[in-house]
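The first chain written gets the first letter, and so on, giving A, B, C and D; residue counts start at 1 in each chain.
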Amino acid sequence: MLDRGTTVEKAVTSYVRSGQTLMVGGFGRGGVPFTTIKYLADNATDYRNLTLIKNDANEPGIGIDLLLKQGQVKKLIATHIGLNPDFIRQMNDGEIECELIPQGIFAEKIRAGGAGIPAILTDIGLGTEVAHGKATYEMEGKTLLVEPCMRGDVALICADIADNAGNAWWRGSNRNMCVVMGTACDRVIVEAKQIVETGNLKAEDIHLPSVFVDVVVPAGPLPHGEL
Amino acid sequence: MAKRELTSGEHTLLERAGREVKHGMVVNLGIGLPQFLPEHLPANTDVTFHSENGFVGMGEGNPEGTPDSDVIDAGGRACKVVPGAAFFDSLTSFAIVRGGNLDLAVLGAFEVSLSGDLANWKIPGKLTPGMGGGMELAQKANHVLVISHHLDKRGRGKLVPQCSLPLTAPACVGTLVTERAVFRRIDGRMHLASIHPDFDRKSALEGINADVPTPDVLEPWEATP
Amino acid sequence: MLDRGTTVEKAVTSYVRSGQTLMVGGFGRGGVPFTTIKYLADNATDYRNLTLIKNDANEPGIGIDLLLKQGQVKKLIATHIGLNPDFIRQMNDGEIECELIPQGIFAEKIRAGGAGIPAILTDIGLGTEVAHGKATYEMEGKTLLVEPCMRGDVALICADIADNAGNAWWRGSNRNMCVVMGTACDRVIVEAKQIVETGNLKAEDIHLPSVFVDVVVPAGPLPHGEL
Amino acid sequence: MAKRELTSGEHTLLERAGREVKHGMVVNLGIGLPQFLPEHLPANTDVTFHSENGFVGMGEGNPEGTPDSDVIDAGGRACKVVPGAAFFDSLTSFAIVRGGNLDLAVLGAFEVSLSGDLANWKIPGKLTPGMGGGMELAQKANHVLVISHHLDKRGRGKLVPQCSLPLTAPACVGTLVTERAVFRRIDGRMHLASIHPDFDRKSALEGINADVPTPDVLEPWEATP
């Protein structure tokens, strides 16, 4: 197996560019690649005009809120932004575009992107404003929405343990959108709280196999101990 | 558990709602009042709680936990898990919901229409948190139980002829429980089903500006022993 | 958590009926519920006219070949039947209907059935006889096949370890179609080589969560030691 | 490894095919000759083998293994895994294939057409094993390498103007390697690309009843040192 270990700086400068679509893992704080995000925020002039695909907008002052505040993001595709009133204001003021998608369909669209499935048909959102403007397909007398897949240029995800080859494992509720995002981007940067020798994760228990992963970088300490 | 002192009315409605929960069910709890349901379940009701951010077997709140804990519920609250719990990703979490394996979703509401439409995710221009997993929970749980104070601060009930707010899902609410009454959807229309002993038919419909069918024979409020 | 342990006899007599559609796990021998299948074969008059959804037809003399040979199956939906020349003859002679589906789409149709997705759109099989007679959908100038989901009445799958609640775990390459089949049927019977106390599987490493499972039964010894 | 003595022609084509495999690739091997590719790779080529029944990191055959072993390849052969291997289910296995993470599929063929169509799964009335994962491998691997004896028992080559057998996938074959020659699909048409030093242009096209473009300048057969 290739050794995919590197630094945050090398990973980001190699793969991330202004104007890209980034998938960012996490639900609440679990699975959020805080260290990689911090690097993007600390080098704001190099990483602008981004489209972010992330479950939520984090809380003010942490995670992707750093990028939202600094004007590095043109659009956020999410499922829930309720814990970030600052972003809600930015959205309502038209500073940043926001598209909201039901959470399970958000995950399915990303999975479809990763699994080479151009679209799924679903009844989720029928009879609500979510269905407005979407293509439909009639099957067995029922109307279904056509939900095209989503892909990104780079995935930024935080695992609890990764090996040097890029196999990754998540503790507790930290897995959330991380695994599926790791399948659906041209490049995948796994930020890991702990990095172990290749072969030290049990092969049956790996959540994201290394073949999906480009590089593994060490997670720094959580940046919001003071919050 | 969220830090909050419950009122006696809240205890009443939670206890009544608890009797809608059957042994062995897989249950998802929305944010707010539904999170207090576990401590109001009848004794010996073994229920598996589903947390849509990625596990089943959610246990009680973890007082030592922080938002950085590795086990949090969908509202960001640190919690414990019971033996037999399983962690998974968002895909499996919603496969459980859409695939028919979630027996009950207990949700809050802004409005419930007479036909069982639910609005609980958006107040245009005022509240735009996003739907999160709410649409799937409302549309695909095998049963949707809405729990709510009978009247809001302006004296209005939740049951309305038609929702004025954006829908979470149409025709999805099976049961509405307040501290005064239980309403059930029968043949596509919400009916009065039970009244708390302290209230009469009139007060069970107070604040409800809708024509609610009220059968002559109602279910008892208390469980039959 | 409920205790879902029971016997093969109780599980089968409770849930399986003639005329049903059964999903049966396994790829080659790994994951095949040999003990449950043997019960169906030993009580052949009670379980007839079955539709089986299984990756392959097993080898002659083992697994579902017992059911195929005894005329208990009216149709097999599979991806590959090359290791069972006896079944190929039955199929060619028109004794048993057989539908062949590309392996990954076979898995996706089952996943869709389990995940409440009515259909997926795919380009797999375009330009081959697999596409014949299938509904199509045009998206962004491309023709896609509409592949409806598949569900079954009962899933029969064999895990390496299950706990009493029904959580299940697979060793090596035994997982194959088992997990996804366990999500896509009204009833799920997990036959387990080893049954442990609820709580003894690590919660992060469970492959099929108990909420999908109805009953857990012990696997007997492999019935084909003499082959 | 399957028990079989290879002929010198088979060694030749496997060694030439091995040079199509680049360091770091994720590779799937079809049943038959492709299974002998690993022992013919150039030194220091670190390749990850994908087995479509559910893992990456396939290692060599396990001589003690039986068909009941817990680690078998897609052909039912017991095998070992290398450090860093990961087991998964059929969904993830084909997500890898369709999602663009399989760099190379090495397959056998009944027929390859001049436009790169592949037929390798069915001979109507004679052979009906089913396509297994073959259609996805042929259609979605980033590169499809077909390896084959130059001539079959009746003296016919694999390259035909049009396939007469049911297709596995249209326009999918990138490279065809035999013990005599290499063919590559360029601008939608298979071209002669390289000839083994023991053969000339005529014998490199022997048995091929099709008009194969043959550029003046060919790739060297051996790797440039």
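As a convention for this text, a residue touches a chain if its C-beta (ideal position, glycine included) is under 8 Å from a C-beta of that chain, and two chains touch if they have at least 3 such contacts.
Because the structure is a prediction, the values reported are computed rather than measured.
Undergrad: Which neighbours does subunit A have in common with subunit B?
TA: Common neighbours, subunit A/subunit B: C.
Undergrad: Which chains are in contact with both subunit A and subunit C?
TA: Chains touching both subunit A and subunit C: B, D.
Undergrad: Between chain pairs C-D and B-C, which one is joined by a greater number of C-beta pairs in contact?
TA: By the number of C-beta pairs in contact, the winner is C-D.
Undergrad: State, to the nearest whole Å, the distance from the C-alpha centre of subunit C to the C-alpha centre of subunit D.
TA: Each chain's C-alpha centroid was found; their separation is 30 Å.
Undergrad: Take the average of all CA coordinates in subunit A, do the same for subunit D, and state the distance between these two points in whole angstrom.
TA: 36
Undergrad: At what distance in angstrom does the C-alpha mean of subunit D lie from that of subunit B?
TA: Chain centres of subunit B and subunit D, defined by C-alpha means, are spaced 57 Å apart.
Undergrad: Using the touch definition from the top, which residues of subunit C touch two or more other chains?
TA: 108, 111, 115, 117, 123, 170-172, 175, 203-204, 207, in rising order.
Undergrad: Going by the touch rule set out above, which residues of subunit D reach two or more other chains?
TA: If we look for residues of subunit D contacting two or more partner chains, we find 55, 87-88, 91, 94-95, 97-98, 140.
Undergrad: Which word fits how the chains touch one another: line, ring, star, complete or other?
TA: The chain contacts form none of line, ring, star or complete graph.
Undergrad: What chain-chain pairs meet the touch criterion?
TA: Applying the touch rule to all chain pairs gives A-B, A-C, A-D, B-C, C-D.
Undergrad: Which residues, counting only subunit D, touch subunit A once they are in their complex?
TA: 24, 26, 46, 48, 50, 55-57, 81-88, 91-92, 94-101, 140
Undergrad: Would you mind writing out the residues of subunit D in touch with subunit C in their complex?
TA: These residues of subunit D touch subunit C: 51-55, 67-74, 76, 87-91, 93-95, 97-98, 128-136, 139-140, 166-171.
Undergrad: Flag every residue of subunit C that touches subunit B in the complex, lowest number first.
TA: For this pair, the touching residues of subunit C are 1-2, 111, 113-117, 163, 165, 167, 183-184, 198-199, 203-204, 206, 209-212.
Undergrad: Going by the contact rule set out above, which residues of subunit A touch subunit C in the complex?
TA: Per the touch definition, subunit A meets subunit C at residues 108, 112, 115, 117-123, 135, 137, 139, 142, 144, 146, 148, 169-172, 175, 202-205, 207.
Undergrad: Enumerate the contact residues on subunit A facing subunit B in the complex.
TA: These residues of subunit A touch subunit B: 27-30, 55-56, 59, 78-83, 88, 91-92, 100, 102-108, 111, 123-130, 160, 170-180, 207, 222, 224.
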